[in-house]
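Structures follow.
Two complexes are shown next, each including chain A; its partner changes from chain B in the first to chain C in the second.
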Partner chain A sequence: MDELIKRAKELLEASAVKVVIGYEQGTGNKTRALFVEKPEDAGKLVFDSRCVQNLAAYVTKQEVKSKGKMAITATLPVMRSLVQLASEFQISDNNLVVIGITPDSKIIDFKNLEEVEAFVHQFQIEIDERNKEILEKLEKMTPSERWNFWIEELSPCIKCYACRAACPMCYCSRCTVDFNRPQWIPVQSTELGNLEWHFMRAMHLTGRCIDCDACANACPLALPINLLTKKMIVDAKANFGTYQPSLKGENVLSTFKPDDKENFIQ
Partner chain B sequence: MAEFEPKIVAFVCNWCTYAGADLTGTSRIKYATNVRIVRFPCTGRIDYMLLLKAFDEGADGIIVSGCHPNDCHYTSGNFHARRRWMTFRSMCDFMGIDTRRIKFSWVSAAEGAKWADIVNTTVASIREIGPYDEYKKVAKKPVKEENHG
Partner chain C sequence: MNIERRLVRKNSLEKLFEILKQNKKSVFAPVVKNGKASFKTVESFSTVAEDYIQTTQSSKELVFPRVEKFLDYEKNGKDVSVKGFDYQNVPDTVLWGVRPCDTIGFGALNSIFNWDYKDEIYNARLAKTTILSFSCNKSDEYCFCTSVGGNPGSTAGSDILFTKLGADGDYLAEVITEKGQAIVALAPGLFEKADTADKEKYLADVPVKFNQKEISERLEKFFKSEKWVEASLKCLGCGACAFVCPTCACFDIQDEEHGKTGSRMRCWDSCGYAQFTVHTSGHNPRSVQSQRWRQRIMHKFSYMPERLSVYGCTGCGRCSRACPADMNILEHLISIQEVKL
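Entry: the complex of A and B
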């Protein structure tokens, strides 16, 4: 990815940014996040199909923000996350440069976040076939079977909150699970507590999740927690129309239509 | 064994349903005593976690009620709430939480009779479905013995 390295070097040499966020070779056959602060370190940057971590999770972190203006290598899911974060006033053109990587691995430059938004809107957020099948299978079960399925699937959860750490949308400085007065969710791993935690996580991501699967990839126990957010995306599409992150900030749950249709309120 | 008495928690808004429930009382309309009413400023304020906690604490059924659309004291609280309940309900369904046990309604301050009807039908349907053992089994607290002194 010579072009990416060249671009990062240019930005750092011109002092346009203080740090470039990208991927480097990690241990084993994995890549990990890299924060390049010196032009001579830009050579460490790599990019290939293993780079699935959502780097947008770093742009809201105080440790990274305090370095100054950043540049970020952004694949399509990362760009979507950035648009969503911008709509929530977490980032702006003043503190971020986006080095886009198109789905066919071409470098693309953006002048501002509006351009990123325009690019992102060329692609629909679609649930892949494999997960669609699993969702359909689950929907065919009886509620009781689904209950047992989730209690069982989520019972190994050790509450490490890797899913939360990996998610660019989970940037609250104090998460509901960290509260102990009142204690919404028990600290220890319990059947109901695990269910409540994943229920809450999915609800908080409703209308904001852009389906990057970072949560499921980060889970050390490989729990299918992304199914919950996928289900929310399917529902949001069915109930409220198009589903795209937008700078206007029209999230599913932060807006409404006076004629929203439901069939269960008496 | 004594007949099963469902425990119902009602989350209602201050401006419409709470006043409506008050009207039920002042109109001397009798309705089931199984309901415990929790008053909120607005349906928009009702966090879905509170509903889960109600089940956690041993509720068998839940009623959520507020102002009719366009009648919200805060203009749009109930519209936001409606979207939240749409997603919440489907999330409950997807995770296997029994959605028959959660009833949503709009009850205005003038609908005292409707409130009595909502409570009565909810209690009757929960009585038919039975206690929420599935949830109580995994709840953090052991369910206390019923004691209606």
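Entry: the complex of A and C
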């Protein structure tokens, strides 16, 4: 943690960045996002296993961006998100410095996003065992059992959109659910309205979701909404092989090759 | 009316619940799932949660559901037939196990829904609701009811308030209203004469953290402060705080059409959303999150007391517990009190 504070301080003192995004001690046992703008405030930064909120959600936020060049404390899921965001032209080396934190909690410096990408590619995106088991159970259900499972799990959803707000990939200034001419998704949080929202969210994230669980962690009702995105990752891997965010945008479902073995699109 | 004090034996709660069900009451009570307590319509006493500090969501859903259908319509050529809200079918409901910081919130909702237009649907639902609340014997770091005029044993807004007298004790039942008396009349044997019961010593200790009136006065001079940006940088702009709040009452009217038939409904909305204030022209007077966060605080602690003579916050702490970014409202209010003007 001392090294992280030192790094943040150096960047701010040298005016290399205007703001360092990291974590601070929050309420009770929580940690939360901290935006350090003065070198003397860098001491408030903390880092430990509680720091799981995906800070990449802030780098596309207008008021954060307007501060100027940012540095971000980036764990592996954050780094993956940054690579994906860069491939979608939301960030670049011009407006972002990445202070990496390796899975064994070591600070790692990156000259640019290409180095971040190279680091990220050393690790595979793997669904954890507990969720794998749940997905397998769901797979074995009959369609009506599965329908009942999702109705039961998703009908309490109040459509607060905390899942959307916490997801780094949901950066659209106007989401499909906010359109009313025409209205694509029912606004009301009813059984059907909730299903449509969560299924659409999962479809929009397929090939882009890096499995950070920010959506499920943000849900005030602790609904297992990340099962949907995890399922899409399992299917994408099974059908398309590698699953990695890529600066060239070569991730699943973002590319089309004329020599694709399927001919339905031709 | 004067508050009547009765004693209800700890084993009698279940009997009371059964008598309510026998009398065809719908019972809306907290149930724990995934480690979170939420209000649900319950059929059996065994599913009712007992040991919880606060439910994730408030009980406002009972009188202000997340989706309230106003009418159904059907188009036949040039004619439209409309079926309006069915007031006859509003269920006779007992709200069970709610905390004093929720019952006090009904006061704020009443003011909002009867401010100029009298909201008939809201009023019909409330008229059919009897509120059996339970005092708090424990609290957490998010609770601050005593800073906003409440307390863990407040009777405000309740029809009957139950206070557990000790960890394994019986209950003091304070019968506050005629609706409460009507419940006693259903099970008179369960409500014994109580001559004891100083409830204070059984209540949670919630220290006063700020001066509400001072916050309101300060906010009047605080509108243009730069502090709002700093305070809200980590806010992600979701609606969790508004939707779990016992007094947030903003809504949006939506039409849902399927060919020739459709319905019109009222859905919860939140001032935290970027789209909340977008004009038809595309202009958005609250274009950034700091303006939306400011609106949330100003509305609850400045505009509502000024216009409705009631505060828009009960100190239940739900917004802080639910916030995915740990925006802690108590901390923000204390910082407003500490800012040099």
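In the analysis below, the second predicted complex is superposed on the first by the 256 of 266 C-alpha atoms of A that agree within 3 Å, B and C clash if a C-alpha of one lies under 4 Å from a C-alpha of the other, contacts with A are read in each partner's own complex, and residues count from 1 in each chain.
Rule of thumb we're sticking to: a residue touches a chain if its C-beta (ideal position, glycine included) is under 8 Å from a C-beta of that chain, and two chains touch if they have at least 3 such contacts.
Given the structure is predicted, the values throughout are model-derived calculations rather than measurements.
Of the two partner chains placed by the overlay, neither chain B nor chain C lies in contact with A:V98. Applying the stated contact rule after C-alpha superposition, one finds that A:V83 touches neither chain B nor chain C. After overlaying the two complexes on the shared chain, residue contacts for A:V64 are found with chain C alone; chain B is out of touch. In the superposed model, A:T190 lies in contact with both chain B and chain C.
In the superposition on chain A, A:I72 makes contact with neither chain B nor chain C. Of the two partner chains placed around the shared chain by superposition, chain B is the only one that A:N239 touches, whereas chain C remains out of contact. Using the contact criterion defined above for the overlaid structures, shared-chain residue A:L138 touches chain B, although it does not reach chain C. Taken together, the two complexes place residues 186, 190, 193 of chain A in contact with chain B and also with chain C.
On chain A, the positions that touch chain C within their shared complex are 26-28, 30-35, 53, 57-58, 61-64, 156, 158-162, 164-166, 173-174, 178, 186-190, 193, 217-223. Note for the complex: chain B touches chain A at residues 48-49, 52-53, 56, 69-70, 76, 79-80, 82-91, 93-99, 103-106, 118, 134-135, 138-140. Residue ranges on chain C touching chain A, taken from their complex, read 34-36, 38, 56-57, 66-67, 140-142, 229, 232-234, 236-240, 242-244, 252, 254, 256, 265, 267-268, 270, 273-275, 288-290, 320-322, 324-326, 328, 331. Chain A makes touch with chain B in their complex at residues 138-139, 143-151, 176, 184, 186, 190-193, 195-196, 199-200, 202-203, 206-207, 228, 231-232, 235-236, 239-240, 252-258, 260, 262, 264-266.
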